[in-house]
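Structure provided below as structure tokens; questions to follow.
Naming follows writing order (A, B and C), and every chain is counted from residue 1.
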Amino acid sequence: MSVILEARNIVRDYHVPGSFLKKAKTVHAVKGVSFSVEKGKTLAIVGESGCGKSTLGRILTLIDPATSGDLLIEGKKIDIAKGDLTPEMRRKVQIVFQNPYGSLNPRQKIGDILTEPLVINTKTPADERRDRAMTLLKKVGLEEKHYNRYPHMFSGGQRQRIAIARALMLNPKLLVLDEPVSALDLSVQAQVLNLLADLQDEFQLTYVFISHDLSVVRYIADEVMVMYFGEAVEYGSRDEVFADPKHSYTKTLFAATPRADVESIRARLAKKKAA
Amino acid sequence: MALLEIENLVVEFETASGPFRAVNGVSMKVHEGEVLAIVGESGSGKSVSMLAAMGLLPWTAKVTADKLTFNGRDLLSMSANERRKIIGKEIAMIFQEPVASLNPCFTVGFQIEEVLRMHLGLDRAARRKRAIELFEAVGIADPAERLGSYPHQMSGGQCQRVMIAIAIACNPKLLIADEPTTALDVTIQKQILDLLMKLQADYGMGLIMITHNMGVVAETADRVVVQYKGRKMEEADVLTLFENPKSNYTRALLAALPDNATGDRLPTISELFVDDQIEGAAR
Amino acid sequence: MSQAAATSAVSTDPSRRARLAEFWYYFSENRGAVIGLVFFIFLVLLAIFAPLIAPHDPTQQYRDAVLVPPVWQEGGRADFLLGTDAVGRDMLSRLIFGTQFSLFVGVIVTTLSLVVGVVFGVIAGYFRGWVDTAIMRVMDIILAFPSLLLALVLVAILGPGLVNAMIAISLVYQPHFVRLARAAVMSEKSRDYVVAAKVAGAGHIRLMFKTILPNCMAPLIVQATLSFSSAILDAAALGFLGMGAQPPTPEWGTMLAEAREFIQSKWWVVTLPGVAILITVLAINLMGDGLRDALDPKLKRS
């Protein structure tokens, strides 16, 4: 098994400039996180808002540079702050965002949204671009007739499928999924999760799945990393983490997750009756 | 006698492309001291039906119902003035976005005292005393200090606590919580749900919990109404619903929960549930 | 939640025609806007077909018919429907030809200030930092002058004439577009689709003008219609002050200026160009309000 992504001691600080009355300060969003993901596997990064998981996601997707630490993609070190981001590297990592209503340009047709990455990064001729877009459109469960429509004509779930298709246009090795199903309805969520699983099998994709929803993580992840205030407090295989959480925060998180099984409802009702 | 009684509620919106029926013949009852959960996905009309009952919809909405009563009084024929006296006092509501539901220009103390002044007519000292009590009741540390804070100085969870404090300020008989924890983190969600359940038991209020989260339903509700595309699919007590769901839609919804996944793919609604079955279930 | 569904149901219809229908639905809710639009179309037709419609040459002086009153007044003549001015030119023809100049001024000034303003605004909003500061301070300085005074000074430097007046006015209007474009770009820039385009490898120019700009157009279009009318007004004002179009051009402001001495005796020479300016500006403003209702998604929700 080859390692697709490796992060060594990633740190990201935000500098908040001072003003007349306030002192300048530095916010540590990510405090030295290390992990690695193998080809075809899914690493889930779990945490609550403000824990730095999205910041980390942006660093992994080569959108923002890390303040320090090394990021290796297929064993090759990349530092976008130094400007060594080639189109070749750019193509290897793509992202799917949380909010399907904000991630598609409302003024672009689906066809243009899908082919844009090819237009920018490759010299593929127009009809090949179109063919590839059509193929992926069908692969994510949409139809050819959707090619010339605008994003607002689609539902949230369909838009998320389009966003996934766009991410796949450049044949990436690694897909960063930033809460891809948390804005979707339960039934649509199941469809999108299935789609992601199908695509992973077919293309041997590697996922970094950022989420706050433990039930989804338990379903999709191979490995789990729990983040709390910028630190990785728990990191291990899914079964290890769920069966035997080590850190107190992980335990709190598990305890807080609402359970929808009959036994816990019985227990609750019994407790209520007793009170 | 039921606290809130809705029979055959229909809500239509006038849009550029013709009328749109958001709620289609929904009936339900809420009793005193009962927790009713209304579950549904987006577009199921779960929020709209409650907003309609409270008369909070914009004028583009057309609301009709065979019966719409609160505590025996007819809400439909009531004048706007009378209705205003009930809403906020006897029926209170909290919303999904706690930070957005508070006015950013005023301190939270001012906002809660405003409610006390309008509905209860308390004098300044009594208002302040009651506000502190309420903040204590909803578990805000340092209540006297916190009254002077602006919403943006508080976290989402704290803002939701303030919203709850404002909602229970007049000892309402019915509290409607519209996705009260959707915008919050899991650990905060737990705290807020625990708080709501405690207050509900202490005050003996009726509580309507509007949510899309089956976990929240399982942890809070006594009785559940399942809605889909503006129609009521099923109504059952919570244990029956999870143990032995009657409607195909509920069954599909429960199967789509990742917690219940058995194979390596989730069953999806469209596989288990075809649209024409809705008609059958609604009948 | 279902409310959102209700409003989105408006726009889920796939065809382009349906989107136009939606636009028209919101636009036509505003009755004033429709009246404004009808009148504006009428003006455009008038300007295009002026040589065919006008009964006389606008600069032809009829020596035998100086200061003839409109036809319905005593002494009026049937071939001069709205009377003649001090040198015997037909008022109606001059007013009809005047629409050409007014619309010309409006179009050129608006386009010029829109294009230049948008370029500066997008650059300022996209790059921020010192570029932003530099551009915005210059705009603040322009805004600090009373607009007509600044236009007057500029025309005084460039020399009087319609073209110079237009350049001056567009310069004065620029800051509004710059600010609007900058604000819109700043709010759009952090949206996910922009980040997505960045991840796809888009460069600065592409991000600025192809990805972001089309999404910022709605407020700019509204501002453009509103400045269209102000441009006509300012051009008329400059004409009135003798700094705009020069006689014998049948420009409404210039016509007003020429007729100043008759303000108490021969009302039609003064009133008619004034009324023309008033109605035109009013119509365009009404239309702009309607456009804003139809294009501004925030207002659409309610």
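By definition in this document, a residue touches a chain if its C-beta (ideal position, glycine included) is under 8 Å from a C-beta of that chain, and two chains touch if they have at least 3 such contacts.
A quick map from chain label to UniProt name: A, B = Dipeptide transport system ATP-binding protein; C = Dipeptide transport system permease protein.
Not measured: the values here are computed from a predicted model.
Highest C-beta contact pair count among chain pairs: A-B.
Farthest chain from chain A, judged by C-alpha centroids: C. Chain A and chain B have Cα centroids lying 31 Å from one another. Chain geometry summary: the mean Cα position of chain A and that of chain C are 47 Å apart. With touch defined as above, residues shared between interfaces to two or more other chains in chain B number as follows: 42. Residue positions 13 of chain C each touch two or more of the other chains.
Of all residues in chain A, none touches two or more other chains. Put simply, chain A touches chain B in their complex at residues 48-49, 156, 185-191, 193-194, 197, 212, 214-216, 218-220, 252-253, 255-262, 264-266, 268-269, 275. Every residue of chain A that touches chain C in the complex is listed here, in rising order: 61-63, 87, 90-91, 93-95, 97-99, 102-107, 116-117, 120-121, 149, 152-153, 163, 166, 170.
Chain C makes touch with chain A in their complex at residues 8, 11-14, 191-193, 195-203, 206, 211, 214-215. Across the complex, chain A is touched by residues 41-42, 185-190, 193, 201, 212-219, 238-239, 242-243, 252-254, 256-261, 264-270 of chain B.
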